[in-house]
Structures are given as C-alpha cells and as structure tokens.
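Each of the two complexes below includes subunit A, the first together with subunit B, the second together with subunit C.
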Partner chain A sequence: MLDRAGEKSQALQAGGDNLRKVAFRGGGFSPKTSRYAGLLALAVVIVLWQAAGSLSLVNPIFLPSPLAIARAIVQLASSGALWQHLAYSMMRIGTGWLLGTVAGIIVGFAIGLSTLARSVGITFISALFPIPKIALLPLLILWLGIGEEPKIATIALGVFFSTAISVYSGVDAVPRNLIRMAQSFNVPFLTIVRRVVWPGALPSILAGFRITASIALLLVVSAEMIGAEYGIGAFVLQAGNLMQTDQLLAGVVILSLFGLLVGWLISRLEKRLLHWR
Partner chain B sequence: MKFTSIEKPASRLKSRMKAFELFFLTLVLTLTISVSARADDALKARVGVLKLSSSAPVFIAQDKGYFRDAGLDIDLKFFDAAQPIAVATTSGDVDIGVTAFTAGLYNLAGKGTLKVIGGMSRAKAGYPLIGYFASNKAYANGLKTPKDLAGKRVAVTQIGSSFHYSLGLLADRDGFRLSDIRVVPLQSLSNVAAALKGETVDAALLPVSAARKLMDDGGAKLLGWVGDETPWQVGAVFASPRTLEKKALVTKFLAAIARADREYHDVILAAVAGGKAPINDKTRPLLEIIAKYTNLPLEQVVGNCAYIDPEGRLDVKNVAHQIAWLQGEGFVDKGVTVDAIIAKDFVKPD
Partner chain C sequence: MRTDNSRLNRVDLIANHISHRFGTLNVLDAVSFTVRAGEVVAVVGPSGCGKSTLLSILGGLLQPSSGAAELRGAASPQSLNPLTFVFQDFALLPWCTVAENIEFPLCHAMSDSAARRAVVDDVLRRIGLSDFRTAYPKQLSGGMRQRVGIARAIAVRPAILLMDEPLSALDSQTRELLMEDFSRLLAEAAMGAVYVTHNLEEAVRLADRIVVLSRRPGRVREVVSIPLTRAERGEIRGREKLTALQAELWSLIRSEAIDAEREVQDA
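Right after this comes the complex of A and B.
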C-alpha cells in the first residue's frame, strides 16, 4: 500500500510541469462569536436609539428612549417591586417548565420507543400543539380557577409539546446500529435506553430546552393575564393597559435579560453534559 | 457594424424619452389625485367606535345620514376594546374616537396626543350600563348588595379601566378602602365572565352587554347597576391634534352627533322604564339601527340603552375626579390635568 502510494506521488511529481499549484481552499465555514463585536453592535444601536429620542425625532410614547427605560427599571428595583415580580414569575416559569419538560421527555421517549405510543401520541401532539394557549384562557379559568394552577398549566402546556417533539425526533436520530449492537449483546431494555438512547438523544433534547425556555418566557405574559397581582408578565400587561410605554419596555428588557441568562445556563449545561462530543 | 452603432444610441434615446414621458405623466396624475383627495380630506374622518350601544348616537348619525347632511364623509372603524381606540387615535389610524375613559386614555391625553371634544355614555340612575355581579356561590353566602363587596375578590378587565374606577367610587361612597377589595384583573371580558361563572371570584364588574347572557343563563347574580349607586361620565368623544386643526370638521361632526344624541334621548331614553326601552312604532327604527351595528337581537338591545346627554355635554367635574382618583392610585402620570386634556372650544360642560 505504502509503496504504491509512494509510486503514485512520484508519478505525479514527474508530470508536475503540467500541474497547476492550488492554494488550500477547504477551510470550511467556521463562524466564531467575538464577544466584543456583539457588545459593540448593541452599544451602537442603543446610542443611535437614545440620540433619536434626545433629538425628539421619535415620539416618546411610540418609542421611549433607553434612558427612560433604564430609569423605569431603576425605579422598579429601588421600590422593591421588581424582586417581587421576578420571584413570582420565576416560580411560575420554573414550575411550569419543569412539569412540561418532565412530561414531554416521558411522552417523547414513549413515542420514540413504542409503536402504540407513537401512533396515538403523534396524532394528539399534531392536533393539540397548534392551539393558541391564549384562546384557552377562559376554559383554563373555568377548569382551574384563577390561582397559580392555570398560570403554571399555561406554561407547562406550551413547554410540553415542543419538548415531546424534540425528544422523539432526538430518539429517532440515535444511530440504529448502536441500538442493534446493544440488543445483540443482550443488553436489557432499560440499560439500552439509559446508556445508548438517552446520551444519543441528549443533544437534540438540550437544543429543545433552548426553545422551550424561550417559550416559557413568552407564555409568562399570557399566563399572568389570569388575575396575577405580581409577576413580570402582570407588570408588562398593566403598563400596557395604562399606556406607560417606558415601563412596558422596561418589563420587556427584564424578560429578555432573563432570556439571555437562561440561554447562558443552557450553554453551560450543554458543555457539561455533552463534553463527549 | 456602422449601422448598429448609429442606430443603438438613437433607440436608447427614444426609450429614455418614453420613460421620461411616462414618469412625468405619472407625476402629474399623482399630483392631481392627491390635490383632489386633499380637497375632500377637509371633511373626511375615520371614527373609531366599539360595537356597543353606548355609542348609539354615532350609529344613528351614520345610518340616518346626519353626517352626510353636514357634508361629512365619515368612515366607521370598529374595535374590540376601549384602549385600542385611544391608541389608534394617537397613532393616527383614526381621526376621532368614541369610547370609555381609561387610565391609558388619560396617560395618552396627558402627552398631548389626543383631546376630549365631547361627552358620550354615562352611568346614570335607571339606565343599565355597568353592573356589579356576584357568583352564585358568593350570592348564596350572603353577597347580596354592592355594599357587601368590601373584603371580596372582584374581577375587572384591566387595571385602571372603567370597572376599576367604578369600584373605587363605590369604596369611597360606602366608606371602605379599595385595598380591602382584592381586585383581580383578567384582561378580557370573556375571562371575567368565565371566572364569575366558574365561581373562582366572588364578584365582577361587567358591562350590561357582556353580562346579559350570564344573567339569563343563571351564571351570575346582578347586585345592582353602577349608575344607580355612583353615577359618572363613562364615555367621551376625543380627537387627535391634527383633527382638531380642522375646526370645520370637528364642529360639524359634533353638531351631527348632537342631533343624534337629541333624537336618541327623546325617542328611546325618555321611554325607558325599569331599565328597558319599549319596542313600539316610535322606538323601533332607532332600535333597529342599534341592533344592526351592535349585531344584537332587538330584544337584547332594549335592555342595553346607556344614558347619553341630549346635548352631548361632558361632566367635566367628574372627569377631574377620575383623573385625581387614578393619579392617587398611581395609574395616571402626575401632572395630567383636566384643563390640559379637554378641547375647551368644543366641549360643552354640564
């Protein structure tokens, strides 16, 4: 083998006069995130935005300036209301997300592994997933009242369907030959699930987490339409009702900071759990 | 070779001239269209209203051609909730709005994006508009009159809405604090109705139109009408500053509305007894107009007749009270005054 390869390269070198030299081109695309560029772009946008506000190019009702929003956040924080709102919202988001995720993982695995669950489950998920949760609010109120239950249920429902879908497609994507090999070695079913299917499906489950965490944040506003006294969603709704647009955007900024934090946490989780990749 | 080189520029010149001609023609056309449109614009307005009988005079004026008689071209735009009308007036999507006062409306008006130009519906004794309703369970447990609402969980649509203010008026009159009531904002009328029916709140404030079905089905018990307990100026007509510059338009619009106000008052409101208007030869034509615009059967319209001043006057003193109350609760920015948000040239005070 080696000899032949050597012969070949010699032959190539011999005919080298006719060959064109080509620079290395196969670098592939490898976008890297530069922290500074992102921050700089954000800063430029904020400065332009503030300038538009300060020069009164835009009506402050339509677009409050970043300073006005910052002032509203500081005011909210110093009055202590911010922490109360955050505590309530985090409790609802956390509980709802956890319930939805656990249920979604169980159902997703069932669909990925069993014929019966697959045929029934996919039909139900396809039928129920596209229902806007907000349209169900009156029904949720009738069923569950106006306490914490319907708020948590709204978030859990939203999270559940996405999780179930990402889990079963993750399970489907686990290399079949690995599963077959484990089966040939007579590995018990549960061990296959734990040692082969679970780690194989984990990347797409974690990618699903990224989406469901955002869904939970999106739904907290709908959930807190149900008679919430405290909560970031309730705060945003009240600001909207009262047309206090600076406060409204303050609430939105807090939600998006929360989203950034959750995204960062999931990245950490991915690094820890998927170090084998 | 020679041939083409001569011909090419010539044809290019020709086509360029054609394009120029076309461009010029389009320009002239657009100009004429926009000029003629501007001439019409002076008496043209888009009016934002709710499909509720509390805007009855607007429907009557439109249907019976009172706007047309005044030379106006009015285009009605229908909305689902009060607040979006105020927002649409601010953004310029409608020129004139007719709806209930809310904290949001005052906050917008305080920034100078709209001004009140006339009065509309009022909560007044004898005319159902906003009611206090108890859930069946709470009613059985002794919640029988509006006075008993102290200490209860009461659903409203939104913080700073007409319902919230009505509750505040009741608290002031009966000497309890609003903080004694647990006000539950549920964002939409259907959510409030569901909470009341599901007995997860003790009581709720609802407009008569939304509560009618609930009352008839036995889903809730009526405790009383806000108009009987604490009358106040619920609705108003307001306009954007750009509309206010067209004095002729606003004056003519208000005159046409006043004409309809008078007719609505004399024909329907004067005949209302026991909270209901009779259906007879006199009232039927107007009731049918209201039924048409509100998409309700005639039998329901007769019980929904909100009181409206026959001259379109505004209870300015009450408006000042609303602002002060909402500011006290922290819902309206400090510095908003009644003088600043009312267009004095047009408003007829009580």
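Right after this comes the complex of A and C.
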C-alpha cells in the first residue's frame, strides 16, 4: 500500500524554535520593454526641442524646430515635389533591391547546396563583400552611362552580397536531421529544397532583408548625392547647399519614416511566414 | 490489412560484415546479422559503440567503410518505403502541422490527394492523434511528437522500421506509454523492426532477438533470443522472466559499459 504520511504535521514539528524565511535572491537580469515609456521619452525630446526653438535658444538655420520641419514636409507634399523625389528614390531602391535579392537568393542557395558553387562562390564573396559598393559607382557610370543604371546597379550589388551571405548561412543552418529524414523517405531533391531547405532557411533570409533594406536606403541616398537631379538624396544635398535646413531635415525625416515602414513590413512578413516558430 | 502485410512483406535485412571508420576512429568492426521478415531485433551496447551509425548504414543514410547492408526478398507492393526510420529527435518539420508532417513523405509517392488524406486520417486514428491534426510540433509534448513520428513512419507501410533510440528523449512515464503503443503496433502491423537502444528494458520487452554489441569498435558479442510471445510478456510470469533476462544482459554489458564511460571521460 501507499503510505501517505501527513506532511503538515512533520513540517510544523521541524519548524520549532528558529523559524526563518528563505531570502529571495532570484531577481533582476530580465529587462522588459515598455512601449509607452519609449513613446513618452520621444515626445519629451520633441517638446524640449520645440521649446528650445520657440524660445530662440538655438539658431533655426542650424537646427530648425520640429514644427518648422513638419511645415516643410506639408509644403513639400502639397507642392508635389516630395512625391517626385520619392518616386525616383523608390524606383531605384525597388529595382536595385529586387535584382540584388533575386540574384543573392539564387547564388546563396547554390553555395548552400553545391560543393563546386561553394568553393568558388565563397572565395569571390569574401573578396568582394568588404568593398564599400558606393566606391564602384564611378566605375559603373563609366560602364553603364550616367542614367539610372549605375545607381540601380550599385544598390543591387550592395544588396546582393549581403543577401547571398544570409541565404547560404540560412541554408547551412537547416537541421541536417530534417534533410536526412526527407531522404530516408526517398523525397526527391527539388521537393527537399522546396519543403525543407527553403522554409528552414527563411528566418535567416528574412533577417537578411532587414539588413539589405537599410543597405539599399544608404546606397540610394549616397548615389543620389553623387549625381542625380531628383531623389531624396539629391533633394537633401540641394537643401544643404542652399542652407534650407528645414527642407534638409524634412528629407531626413522622410527617409527615417521610410525605414520604419520597411521594417514594419518585414515584421508583418515574418509574422505571416514564420508563425510556426 | 494486417494479414496482407504479413503475407506480402517477405523482406530480410542483412548486415553483411559492416565496418565503419570516422577518420581514424574505428566505430564498427565486421558486424553481421540478419533481421528476418516480421522480426523485431534490438541492438544494444554501451554508449559510443556505433549503434546509431549501424542503423544509418542499414537504412542507406550512410556509406559503410566496408561491408554492406543488403535486402533479400520483396516488400509488399503496397509498401511505399520498405525501410523507414523513426528518429530519436523526431525530425518533424516545425513549419508543418501534424497532418502535413505525416503527409510529407506521401506527396511524391501518391498523386491522389484524397487517397493521401485517407491514409493520414487512418494513421492519425490508429495512433490516437486525430484531435491534433492541425497542431504544430512546438505545441505538442515530446511524447506526442514521437507519436507523430511513428504515425508518419506507419503511413508509408514499411516492411522494416528502423528505430534509433526512439524513446530516449522522453521522460520515463511517456516512455512507458509509448512502449505499450510500440508493442501493439508491431504486433498488429506485422512489420519487422530494428530497434537501437541503450535501454535494456525496452530491448527485452519489444524484441524477438537482441544483438549485443561490444564497446567501440562495435562487434557482435552475442545474439540473444527472447523466448516469449508478445502475449506472454504481459503476464506476471512473463514479466519475471523478462526481468531475469534483463539482468543477464546487464551482466554481459556491464564491464564494457564501465570501460566505455571511462573512455568518454578521458577524452
């Protein structure tokens, strides 16, 4: 039979004369984020900045107030100039990013799956990846002329290397046991790639998108500053040359909003595609 | 279905002088034995003796350095994958639901999706997973995950199941429950099986014969028959006999297990 000893009476007996509580010592080391605190801090900074401007504590030529920047944005939007610049920048980013991403995914998969592609590909990627791609723009202009092509190619190159690296490390990180499992059921190679390797590499590929989106933004602005009539980069540079700092910062704010938007889109994509995690 | 399978699955799996080396490390040394059609053979041995390596070779996932895994006879024409693994770590696709995981190996073999669905429904019912068909692996307990692994294996109607420590990632209570499932499945589906384990209790309860490997490099030290039917093993007399057999096996392995453990600690 099971002997059910009365635990309560035992505990009380053991207590006796010198009963103390065990001191708690397991706190801390688990920081949490509070959305509201972050937004509040941001609001405080903006209010202080505005106050400094309104009280003429800073020269508006060097640092225009948030309200002045907002006015500049509204004026840019209503005159249509904003949309024109944005349209050029979007076209360059979109085309360049897409080209670089598609090529990067193909090359990344080849490196992740084939010994030959790996030995050749990794050598080239390690040699070319560290080059700041904007340094190639003059060369690309010589090759491709002074139109849109060299700007798009610069962005595509910058995106390509980073994508290829994140794709092949994603493919490398797919658990081998899942691949062996599929092989043990005689699943064909292409099905393994489509249903095991691709979804397994997807977290790393999507994380790569975050990085390549910021690379594309950086490169489009740089390329537009080097030589373009339209585009947010060209606009910011022009505004700087004319000492229109409110316009300049309006351009910067729009770039930052664009960056936030892209980040949010990628988060949505991750939620949708990686819900199984 | 049951009688069909047992009549038609006439496949023997033969380990023919299998040796394997990883670099300079000799893991298996001329291992030979035969798994006859419908027979459950357990492979036991101290840790690091090459049990799992042997199973990978038997299932065609690893090329042996010398020797070969061979099949004799023909599997049932209904069998979609005569040699089918059940893995220690379950090897479920985390991005697929339970039903999709079971369907995964069927997709290239059966083009009719309604027929596939029928097979999936059937095995889900047999393993008691019908309520979990849309769950993802991360939502399941270890025991349920391994049940999915077993359902996936059964769905392709194997002639021989290759089980690599299928219970060792589970807690002891879950292990007990799954062992009962295995006994039942192996009895009703009339499949053969190679059951790799370091757990002697699992070996004596499930196997018809037990291949005892020596420590590395693994050699066949002994092949022990379990002289009890599945029905007898459930009875009290049978259980006593199994316990005695288990103790006997342990005495065979004990000194080698001690040496093997020392070796691991030295390394």
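Basically, the second predicted complex is superposed on the first by the 239 of 277 C-alpha atoms of A that agree within 3 Å, B and C clash if a C-alpha of one lies under 4 Å from a C-alpha of the other, contacts with A are read in each partner's own complex, and residues count from 1 in each chain.
We adopt the following convention: a residue touches a chain if its C-beta (ideal position, glycine included) is under 8 Å from a C-beta of that chain, and two chains touch if they have at least 3 such contacts.
Small disclaimer: the values here were computed from a predicted structure and weren't measured.
Contact with subunit C, but none with subunit B, is seen for A:195 once the two complexes are overlaid on the shared chain. Once chain A of one complex is fitted onto chain A of the other, the partner contacts of A:137 are limited to subunit B, with no touch recorded for subunit C.
Legend: residue contacts after superposition of the two complexes on their common chain; A:184 is shown touching subunit C, with no touch to subunit B. Residue contacts after overlaying the shared chain place A:276 against subunit C, while subunit B stays out of touching range. Once the two complexes are overlaid on the shared chain, A:76 sits clear of subunit B and of subunit C alike. Between subunit B and subunit C, B touches the greater number of residues of subunit A. Across the complex, subunit C meets subunit A through its residues 59-61, 81, 83-85, 87, 89, 91, 93-96, 104-105, 107-109, 136, 138, 156.
By the touch rule above, subunit A contacts subunit C in their complex via residues 177-178, 180-188, 191, 195-196, 199-200, 276-277. Here subunit A touches subunit B in the complex through residues 59-62, 137-139, 141-143, 145-147, 225-227, 229, 234, 237-238, 240-244, going by the rule given at the top.
Across the complex, subunit B meets subunit A through its residues 83, 86-87, 90-91, 102-105, 107-108, 111, 113, 155, 158-161, 184-188, 190-191, 193-195, 197-198, 200-201, 331-333.
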